[in-house]
Every structure is written in C-alpha cells, then in structure tokens.
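For reference, the structure discussed in these notes is given below.
Order of writing sets the labels: A, B, C, D and E. Residues in every chain begin at 1.
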Amino acid sequence: MKKLMTISIAALALSLAGSALAADTIKLGVAGPHSGDLASYGIPTVRAAELAVADINAAGGVLGKQVELLVEDDVCKPEIATNTASKLVSDGAVVVLGHICSGATKAALGIYNDAKIIVMSPSATNPALTQSGDYPNFYRTIASDDLQAKLGAEFAVNTLGAKKIAVIHDKGDYGKGYAEFAKAFLEKMDNAEVVLFEGVTPGAVDYSAIVQKIKHSGADAVIYGGYHPEASKIVTQMKKKKMDTYFVSDDGVKDETFIKVAGEFAEGVYASGPMDVSNLPLFQKALKEHKDKFGEDPGAFFKEGYAATVALMNAIEKAGSTEYAAIEAKLRSEYVDTPVGKISFDEKGDAIGVGFSMYKVIDGKYVEQK
Amino acid sequence: MLKIDNIKTFYGNIQALKGVTIEVSEGEVITLIGANGAGKTTTLMSISGVVPPRSGEITFQGEKIHKKSPDEIVKLGISQVPEGRRIFPGLSVMENLEMGAFLRTDKAGIKEDLDYVLDLFPILAERKSQAGGTLSGGEQQMLAISRALMAKPKLLLLDEPSLGLAPLIVKRIFDIITKINQEHNTTIFLVEQNANMALQVAHRGYVMENGMITLVDDAKKLAANEEVKKAYLGI
Amino acid sequence: MADKVLDVKALTKTFGGLKAVDSVDLDVKKGEIVALIGPNGAGKTTFFNCITGIYTPTGGDVMIIPPGDAPERINGLKPNKITAKGMARTFQNIRLFGNMTALENVMVGCHCRTKANIIGAIFRGPSTLREERETIQKSYDLLKEVGLTEFVNEQAKNLPYGAQRRLEIARAMATDPFLLLLDEPAAGMNPQETRDLDELITKLRVDYELSILLIEHDMKLVMNISDRIFVVDYGKKIAEGTPQEIKDNPAVIKAYLGED
Amino acid sequence: MKNLKQSILISLWFIFLTFPLMVIRVNTVEQEVEWRWINMAFIGVGAFICSYIWRYLMARKEKGGNEEESKTSWHQTLTMDKRYAIPAAALILTLAIIFPNIVSEYRINTMISALIYVVLGLGLNIVVGLAGLLDLGYVAFYAVGAYSYALLNHHFGLSFWACLPLGALLGAFFGILLGIPVLRLRGDYLAIVTLGFGEIIRLILENWNEFSFGPSGIANISNPTFFGQEISRSSGILFIYYLMIALVIFTIFVVNRLQNSRLGRSWVALREDEIACQAMGIDRMKTKLAAFALGATWAGMVGVIFAAKTSFINPASFTFLESAIILSIVVLGGMGSILGVILAAFVLILLPEELRAFSEYRMLIFGASMVLMMVFRPQGIIANVRRSYEYHGLDGAEEAK
Amino acid sequence: MEYFFELFLGGLTRGSIYALIALGYTMVYGIIELINFAHGEIYMIGAFTALIVASLLTMAGMDGMAVLALSMVVAIIYAGAYGLTIEKIAYKPLRQAPRLSPLISAIGMSIFLQNYVLLAQTSDFLPFPSLVPEFSFMEPYEHIFSSSELMIVVVTAVSMLVLTYLIKFTKMGKAMRASAQDRTMAMLAGINVNRIISTTFIIGSTLAAVGGVLIASHIGQINFYIGFIAGIKAFTAAVLGGIGSIPGAVLGSLVLGWTESFATGYVSSDYEDVFAFTLLVLILIFRPAGILGKTKTQKV
C-alpha cells in the first residue's frame, strides 16, 4: 500500500516538475502513433524527422540553433492526441510534424491553434482539414482524399470503361471518406452507375458474403476505400471465385505489403498513390539514409514526413524567426526541394506540387499508369 | 486403522477445527455427534483431503495422509458419502455409480460390486438410466451410499445420511449401514445430527463442540450420559 | 377462527412432464398453524415456491384473503408482489445476506413497507431520515423478539446456525405478513434449539396475530404446535387432519412415518 | 532445494513456451529469419526470478489476510474518523484548487482525463461494485453523452449547459432502454450482452452517417460558455478542470449517500441473494434498473464534458477496450470502494502519461496487472469497507462505524 | 437461387470457423463456468506458431501436406501448452473466488497475450501461406467451394463428433461432466479435478490451434488481433447454441454464420455485427439457455 502511495506521489511530483524548459534549441514536435497497432504508420515519420534533422543540424541547424525533436505518442486516439498536443505546447515545440490519423489531428489542432503553432501532417488526408477553413494552422505534404477518390472514379470509368461499379469501404474514417467521395463523383458522371455501396468489418473472419454480393451485383469494377489487410482478403477471395472484376483502390492499398500478402492474387489490382518520385535525387538520398541507419526499407509516409520536416525547417530559416505569421508567409511563398518534389503550400494548407497517380500491380510490382 | 492427531483446520481465516483427535479401529462403527457448525463436516473433509488441516497429522493404516490429495486418499480406501448426498444431477444412476469406481481398473471387481449394491438397493436397478437429479431424496441417499461403496472402501465416511429424510427411510438407511459394516467388515465413521439413531448403531461415539472433542465413550454409555441426553437426544 | 387466509385449490406444477405437485388443495385459517409434511422430494418445497411466486403454477388457484380485505388470486404474481401483499417466507437452505449484519438483514426485510427513493436517498430529507430511524427501531425490536439482540451488529454469516434460522424468521416478519411460511425451520437444530423455536412460533402467532404454514420433518415439533397437518407424497395430498388423526392414519404411516 | 529445482523447471518451461514467438521472427514477406537468442536468456532468468516472487506472494496470500481485515487500516481512519477526514479533505481540495496555477496546460489536460475516468469509474462502480452487475458495455452510455452534446451543438447550437443535463437524461434513458430486456439475465450472460450492446451502439455511430457523421466524427464542438460568455479554449480547459473537480465531489457525495440508503441496502442484498431478496418484497428489476440507469446517467454526463474537452469525437473513442479500462479501474481500485476507484483511476490514467517512454509496454503491463491483482489482491488496491448500520441504544440513534 | 446457395455455403464456412473456436469456449465454460476471454488469443498464438514453423519449413525446401501436418502438430503442442499455463496462472488460483474475479483475470490475460505477440512479433498483418493443398476432386467446384473451405467444414464436423463421443461415453468425459456438476463431490469420488480441468483446457486449446491454422491458411493473413474478434464472435455463437453443449456450440456457430452471411447478402454488410449481436440479445431474452441449452431450474 505504501509503495503505491509513493508511486502516486512521485507521479504528482514529476507532473509538477515537467514545466521547466530551456530555449536554446528549435523544438520540432513529432506526434503520431508510436505504439499499439497503428504504430507502423507513425514510426516512419519519426525516423524521417530524425534523418532530416540530423542533416540540417550537421549543416549548422536552423537560425543558427540546433533542432531538437520532441517525439510524442498519440496512439491515433483523439482523446490522447489532445494531451499529446498540450504536452508539445507545454514543452515548447515551435512547429509540429503530425499527427498521423485525421481524427487525432482534428482533435489536436485547436490546441495548437491557440498556441499559434503550425502543424504539418505527412498523412492526414481528410479533405475537411484543409477545405473547411476550421483549421488555419494546418498544412500537409500529401494530397487530400477527394482528389484520390476523383482519380479512382475517373480511372475506373474512363480508362477501364466500367459501367457498373461497386463501392466498398472498411467503415473507417479514411476508407469510408474515400468511398463516399468516389460515390459522389461517380454519381455525377452519366456513364456510370453505383450498384453497391457497403462497408466491410475489418478483422472479420472472412469476406465471402460481400464477395458474393459484389458478384451478384454484376459490377465491372470495385472501388475500395480502406487499407491493405482487408483489401488483400477481398481480392484473394474474388480471384478464388474466378471473378475478373477490376479492383481499384487507394493509397492505403498502394503498399508493398499488399502485394506480398496477396501474392499472385494481387496481379492486376489498381491503386492510387502519390506520384512516383523514385527518380528524384532527394528521395533516393533519403531512402539511402534510412537503409544505412535502420537496415530496411522505410514504411508508410516516410517521404512525406521527410518532406514536411524539410519544408518546415526551410520556412523557419527563410522567415528568420519562429513567429507564426512569418513561417506561414514563407510556407506559402517559398518553393522547396523535398523527397516528394518541389513543393509549396496554398491558402488552405494543401501542398502544391504533389498529387496522385494510378498504379497497377504487374509482375509483383506497382507500375505507374500514365 | 485411522488416527487423527490434533488437527487444526481453517476456512480462510476462520478456524473450524481447534485440535481434534480421533481414533478408529478396523471393523468399528464410530459416530461423531454435535450441534450444527461444531465442525463435524469439516473433520470429514479434512480426512478426505478436500480441506486439508493446517497442522496435525492424519494416519491411515500406518500411512500419513494429511498432505495427500483427495484422489490419493480415495485410492487408499477412504470413501465419503457427503452431507446433502451430492448426486451428480446430470449423470445417470449408472454413470454416478461408475464415477464411484473412477480409480479402479479391475473390471471383474467393479461388476461384482455393482451387482452387490444393486442387490442392496433394488430400486437403483429400476432407475438405472434415469438422471441422478430426478431421484427422490431417499433414492438419492441410497445412490450416494452405493456410489461410495463402488470405490470398495476400507473406511466409509458418512455425513448426515438421515438429513431431510422421512422417518421411514431413515430407519432403512441405518439398517443398511449396519449391514454393510457386518457383511463387508467395512469400518464406518458416521457423522449425525440424529444422535438417537447414531448412538444405536455405533460402537463408540465422539461428541464435538466448537471444533473440539468434548466427550469420547462407548455409544451405550454416551446415550446414557445426562448431558448428552439433554443436549442432543432431546430427552 | 373460521376465516380462511390462504385457500389453494387443485394446485399443479409440472416440470417437463414430471408432476411435482399434483392437484393439491390446502387452506390456512386465520390464526392457525398448519404443517405440511411428507417424504423428501414429495413436492413440499415446490408447493411453497408455487404459492410464493418463485414458480408459476401450471394449474389450480392460489387465493389469499388478507384479514379485512377481499380475496385475491395470486397465481403468477412476482415473489416481491406476493410478499408485499402479506405473505412472507423463510428458506430450507438458509438464504441470509451473509455479508450484512443481522440488523441490516432485517432492515432489508422492511423494504416493501418503506418508500424512500433515489432522490430521498441523495438529499436525505426529514421524511427519509425519519423513515430510516423507524426502520432501525423496528428491526431492532424484531431481533429482540426472536432473541438475537446480542448479534445485532454481527455479520449474518458469522452467526451460529440456530441464530441464523431465527434471523430468517425475523427478516420475514419485517415484511409485516399476515401469513408466515416456514420451510423446515428446525432443520439442523439441536433439541434445545428446537424447543426454543417451538416457543417462538407460538409466541409470534399470538403477538402478531399470524397464521403460519410450515414444512417440517421434526415430528415432535409438528405434532406439538400444529392445529392441522397436510401430508403429501409423490406430489399428491394423501391425508389431512389434526395431529392425532395423522398419527393414526394408515396411509401416512406406510408412506412416511413408518412403524415404531 | 526443492524450490530451486522447481524454479529451474518453470524457467525451462517458459523458455520452451516462448521459444517460437520470442526467439524466432520470420519475415514472411522477405523470406528472412531472425534468431533472437538473447530473448531466450531474458525469459529464462525472468521466469526464474518471477517463480520465486510468485511463490512468496502465494504463501503470503494463503497465510495472511486476517490482520488486514481486523486492523483498521489507514484509509479507513482517514475516511471515517472525522478528526482526520476533514483536514485531509480540506488539504486535497486546496491542492486541487491551486493545482492548475502551478502546472502547465498539459498537466491540466491529463488531470482532466484522469478526473473523467474517476467519474466514469465511480459511475460504473454503482453498477458493478454496488449492485454486482457486470457491465462490459458501459462505454456506450459515455458515447451517448458525448454524441448528444456534439450533435445537439452541431445541429441546434445548444449550449454546453443545456446539454449537460440532457446528456445525463439521455444516458439514463438509454440505461433503462437497454436495461429492461437484459437485466433479467444472470451474471456472465449479462456481461456478454452488455458487451454486445456496447458494440451495437458503436457500430451504429460508425455506419449511420446521416445521423452521426460516421467514422470521421464531429469536429469543432463548442467550448463551454461561462455565464453566457464565450471563453477561449485555454481558459475553457481551466474551466472544465474546475467543473470536473466539482463533478467528482458531487459524484462522491451521491454515491456515498446512495450506498447508505434503502436503495443501497437492497443493492447489496441483491448481490448476495436474488431469490431471498424477492421474497423480502424487493422488486429485482426495478432495483437493478435503478443501478443501471444511475450508472448510465453519470456516463452520459461525463460524455458531454469529454466532448467539450476534446472538441472532436468519433466512434473510435468508444470501443470495448475503453469499457475494459473503466472496468479495470473499478476492479483494481476495489469494487465498491470510492477511495480505491479514485486512486486506481489516477494510477491507470496518469502513470502511462508519465511513462510514455514505456508506452509500448503499457497494455502488456495493464493486462498482466489485471491478472495479478485478481490472483493476489482481489479486493483491489483499497478494499471496500462497507459502512454497516449499527444499533446503539434504544433511542434509535444510528451511527456509522 | 444460386446466389442463395452461395451465401449458404459462405455462411457454412464462416459458421464452421466460429465453431472450431466456440467448441473450446463451450468446453471450458462447461467445466468451470468461466468465459475464457483468452481463448481467442490461443487461437491466434496457434496460428502464429504455425506460421513460423511453416515458413521455416518452406525455406528449408519442404512443401505440400508435410508442411501442413508438421506446422499443425507444433501449433497444437504450443496451443495446448499455452492453454495449460494460462489456466495455472490466471484461473487456478481463483477457483474459490467470486465469479467476477476469474472473468476479469481472463480479460487481463487476453490483453496481455495480444500485446505479448504484438511486441514479440509485429503489429503488421503477415501473409499466411495457403497450406491446404487443392484437392483434385474439388477442381470443378473450386470457385464455389474451395478445398480449404471443405477442409474447415469437415474438420469441424469431425471435431464435434469426436468431442461428443469423448464427453458422452468415455470415462474421462464422464469425469468431466461430474467435475462440472459438483467439483467437491468429484474430488470425493477420487477424480483429480485439477487434472480434469487442465485436460479440458488442453483439449479446447488444441481445437483452437487447429482452427487457427486452417482459418489463417484459408484467409491468408494474420496479426495479433485476429483472436479477439474471432473470440468474441465464437463466444457469441457458443452462448447462442447453449453454452456447455457441444452440438449447441456448432449449431450456434452455424446459425451465426448464416445470419451474418444472409444479412450481408440480402440487407447490408454495414450492420453485419449489429445483426449478430441483436440475434444474441433476442435469443438470450427469449431462450436464456440458448438454442440447445437446458434451462436450469434454480434450487430454492
């Protein structure tokens, strides 16, 4: 019993002591899921920030100061994200790289906005984040979902010539949002018809019923919004049922893991993703740094995270101060070379110079469709 | 045959037995009488190893058993008919009897004993495949005794066999107890509320109060003891 | 003495084809002590459970006639409703609230005669406070009545066996019944305790103008205190009458009492 | 010697048991195998040490316990003896009031989270601890509260103050609605059905876009107003903090009163023996429903505050895991024990915030502690000592122990 | 009609998947009246172990039935060992405790095991090789009903029959029932109840492992979380059928499988789980003991 008391007292003491801080570095907050089941979406960004910052510090830092990372976990949960955000604010973060999930980002943005801190996400693609006007301090280095959905819908109808389309999603924030935009775009076109719009339950033991339903609906193409684990289950079952329906999906599926998990069944699957930048020298440099340091290929949103770090630091350097307005102005006016291309930001906070392409799995690789 | 030496048994923090010493010789019928809550059932459960004593020793045929598990104790030849009969309600009469012989592997012997108990209680043969839970109280008591006999015990522990039974049945049960003792030379340790009946069939008796033995004597002498008469015989 | 308070007609209860209670008639008159006896498994407790609402009878009528009130059919009512109407019971296997004190056990018994609600509990207004005080006083008086004052603040599970039986009676009395049903009240008691119980039951009958229906195996107690006895076997009523009539009834001797 | 041998065997057993998962890691994608032999050593040594600790704790559990129950423990003295209780409460209250002035906003934020869980824990404590009904879907009522504020605010611009009682009412309403069909079920069936109901509510919120905006949730939920005045977000945080302090005090007060009332007695009695309870004239359904609805009321109320605090909600905040966390607060704290629940909420919510470095292991430790608590200290951190009514003298004066 | 038939087959497979897990639930519940929340995790650990073994064997150049057989055997051994260990640590010390305690301990164990695998292995989905070979006689029907689906259905049916026989007619099975009905009396009859309970856990875990391997091979991927969802569903199925009853578990699973399949096919998959849980609530309200369960009359 005594021990427990000691622990709680210690916890309290710690919490009181946490507010002291020093100010001789530029503090970059990095927030996202770093533990739990979504950690694989958050860790690559942390690594990207580490690598980018290491380069910048080696070159003398920003405004003559070294850049320091404040890495905080939000487990992708809105209620934890608010705590994470206020911790970063308390700890003196000047700008924040993150958050990863759209929901957590929305919950955290208000706190940053009050503290006049600019936030740049490598991955939060929810359109409302930039389009609603509710989040003036938000920027991102990835294009928003509606663009992707538009690309998917147009590609299915115009390029593949599909007339009847089944729109399926994983009921999640990202997947359902994508699917709804895709549906809206399809309904606006006169030469296509949405024959099915449904959600599947992630983690369900099998998807044979929904696959039967797709088959029954007579769809020529499936547009799927969601992530690769469910997509690969659906694609596998569709192929096993000898269906030749096109499968068009999003960035959550345009992942090497998808091909490896679905194996031969992945052949012929279309998925949109950020434009191919593998020829860019900066991208290759970042990739090499990652391989050297961590001994493996980087995961999701690595290059976007890298790009965001570079863009933020560049804006501060150009602005010559850590003032909100100054950084904001430079973000909008300056173009900067990043692993995702030469980018700048528009009024709403979306990156100019990034966009989506459609890829197709050919011989176990995603190949960009021009 | 059975020597209980100063055992102390606890339920959690509550001490139920505060140093109980009992001896039983081979072929004997002894009875343990006492008020409800005196610790009679606990004594039996301690012997059977279900609630092992925290201190003291129990010796059975020269072997120390107070640290053995219930199944090992049954294997040594101590069988119990617990209070409230505790028939397996969902098992048929035959299955209940089979469970009695759980540890035995001698098929011929089991068959022989089965015939014996069915002969002893013909009603059970009639209800062979009926679920134990559907039997009447008296029938359940007969089944419980039969089940214990199926283990071919050297020592049979009986806990309140007359509880809740019609006077008519109580008499029959006690007759059977005497019969088992005489025909098979099975030693019997009888715990009873119904001190009147118990002291009639037993050779010796122990009186228990508050987790302690307060009187030991010949059954006849106990029955004549004024205090016993007043407290337990209702005379 | 002639007014009936309980009138059961042709009560039947079947469990999946098995007739546990088979068309039994029984009545209790005002101020009477009636015993229900029979071999184990004859359906006595099932009968109790049927009239107290724990089981819904398959057939027949259970009528209660509270003194000064109109007769009422209570088949299928919930147990708590039946208790509220004035029939209280004890249980064969003691069912006290083990972790509550003796006093609290009786206080729970007062539940259906009190009415403090959530709001009252939170704000604890004067009426709630008064009611609580009265409940405590009434509970204490009942404990005194059954002779348990020494255990008043003791947890029920720590009480001696005989005291637990009496506490059950006190708890049932707290519901202000006109008819008290006792399920084997003397089971597991020693002769002295049984004698005390005998006195207690007789005293309760007088002090509270109670009628009592009891199930019991202790023939001495039954013969001593009952005005009338009903005997059941295999779910059927095989005899009814005064203790003396029952003692001499050949059917009862054969099925239940045995020859001496 | 025997212990040593046993510990070595246990250690070997765990090495065997964890071998494939801890030592081998196959990358099925790259067709590579990673052998992590060092883990084997960790497991071996760890299991060896743990077996000794286990044995020690087991022995202590079997022996002890009685001293604890008989002696009046410090917390009992603290809560029941007025000489200590009043100064202690005053001290804690003072600390609580000055707390936000000496710490950063982050600390206030996490403290609000902890206080939210305190109230949730106390609310669930009514259901589980007092009435003995295992509710695995408690988070559903929390969601009802949060969504009622978010939606009413979004569509009709209703203020926080209007929604606070509405959220509580809706929570109670749903509690009754769900309680009526399920409360007749016994223990573990009730658990599984409430779990089902919790999931149903979440799934509806996730799928019914037109109503709840689906998985993308509702953002920009208004801050509370202060006497009709709009306040900034950071003073809003401060405001919510004090509101939570007030709510915690109110909750403690109510739970305490309920516990020692006619209703509280019938809950305890119901937990002990349902049939006897009915025979005493207690309406089983009504009494259970009262507990269920009261628990839900509190969840609904805190839900409103939660929505105001995060300013964004989506169905992902209301999963089964959340119910499990609230339940473990109640269980680890000690079922029925107010002080225990409060302490457990602080430990379970604040400690992980402090130990962010170990966040990977958070759930692992969390699960393990639930098991170990049940095995070694089932009464929780602070065992519930129920105030029992005592009778003193004939004047009918009632005093609590 | 063809659509109906396909949905029917889909439901049959899904139901059989649930059944393999539900059987273990029902056995454990039958004997100690505990909702073993960690059972789903055993299923997951079985699948992980099989994945590791299968990958090692494939890399070593083996293939075909041998890989399936070997990885199945290892998975079974490990699942049994985990089941045994979990019982000893989390449940056995709580035999005398109030009913809520082991349930909470089980929830804790489930959370612990999930995170153990998460930390020891990975949070990502891992591709699981298709271990069940394609039977040539199934070739013309593969697109309707695949070999692995057939395998799952057959194994489920066989498991149910074997278990029913085991429980009804063997001495072991009778001892299990006896221990379930009255533990103290079973001890007095000389039954080593602890051993019986351990055996029950091992048998249940073994089935979960078989399920894990077959299901993972059918679906083609696993992660640390698969056990939780499958576990909840399987438990729902077991309750639906009447917990404690072996045929009940299978029947309940099939009913659940078909409900979900037809609900998806004819209504919408959006509310698939809502249908499943609503069915559970309705069954429990109108038939509290489940479809095949016996209503226990409470003794008064």
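As a working rule, a contact is a pair of C-beta atoms (placed from the backbone, for glycine too) under 8 Å apart; a residue touches a chain by one contact, two chains touch by 3 or more.
Fair warning: this is a prediction, and the values are worked out from it, not measured in the lab.
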In the contact graph of chains, the distance from subunit A to subunit B in steps is 2
Note: chains that touch subunit A and subunit E both are D
Relative to subunit C, the most remote chain by C-alpha centroid is chain A
Contact-pair count is greater, between B-C and D-E, for D-E
Centre-most chain by CA centroid is D
Cα centre of subunit D to Cα centre of subunit E, whole Å, reads 30
Chain centres from averaged Cα atoms put subunit A and subunit D apart, in whole Å, by 33
For the pair subunit B and subunit E, the C-alpha centroid-to-centroid distance in angstrom is 42
By the touch definition above, subunit A meets two or more other chains at residues 36, 39, 171, 199, 257, 260-261
Residues of subunit C that touch two or more other chains sit at 54, 91
Note: in the complex, subunit B contacts subunit C through residues 35-37, 134-140, 163-169, 171, 193, 230-235
As the complex stands, subunit C meets subunit B at residues 18, 38-42, 160-162, 184, 187-195, 217, 219-220, 255-258
In the complex, subunit A touches subunit D at residues 1, 4, 7-8, 11, 14-16, 18-19, 34-36, 39, 72-73, 75-79, 82-83, 86-87, 89-91, 102-103, 106-107, 110-111, 113-114, 126, 128, 134, 171-173, 176-177, 180, 199, 256-257, 260-261
Within the complex, subunit A is touched by subunit D residues 28-29, 73-74, 102-111, 113, 206-207, 209, 214-217, 219-220, 232-234, 237, 306, 309-314, 316-317, 343, 346-347, 350-351, 353-354, 356, 359-360, 362-363, 381
Touching subunit E in the complex, subunit A uses residues 36-40, 171, 198-201, 203-206, 208-210, 212-213, 215-216, 228-229, 232-233, 236, 240-242, 257, 260-263
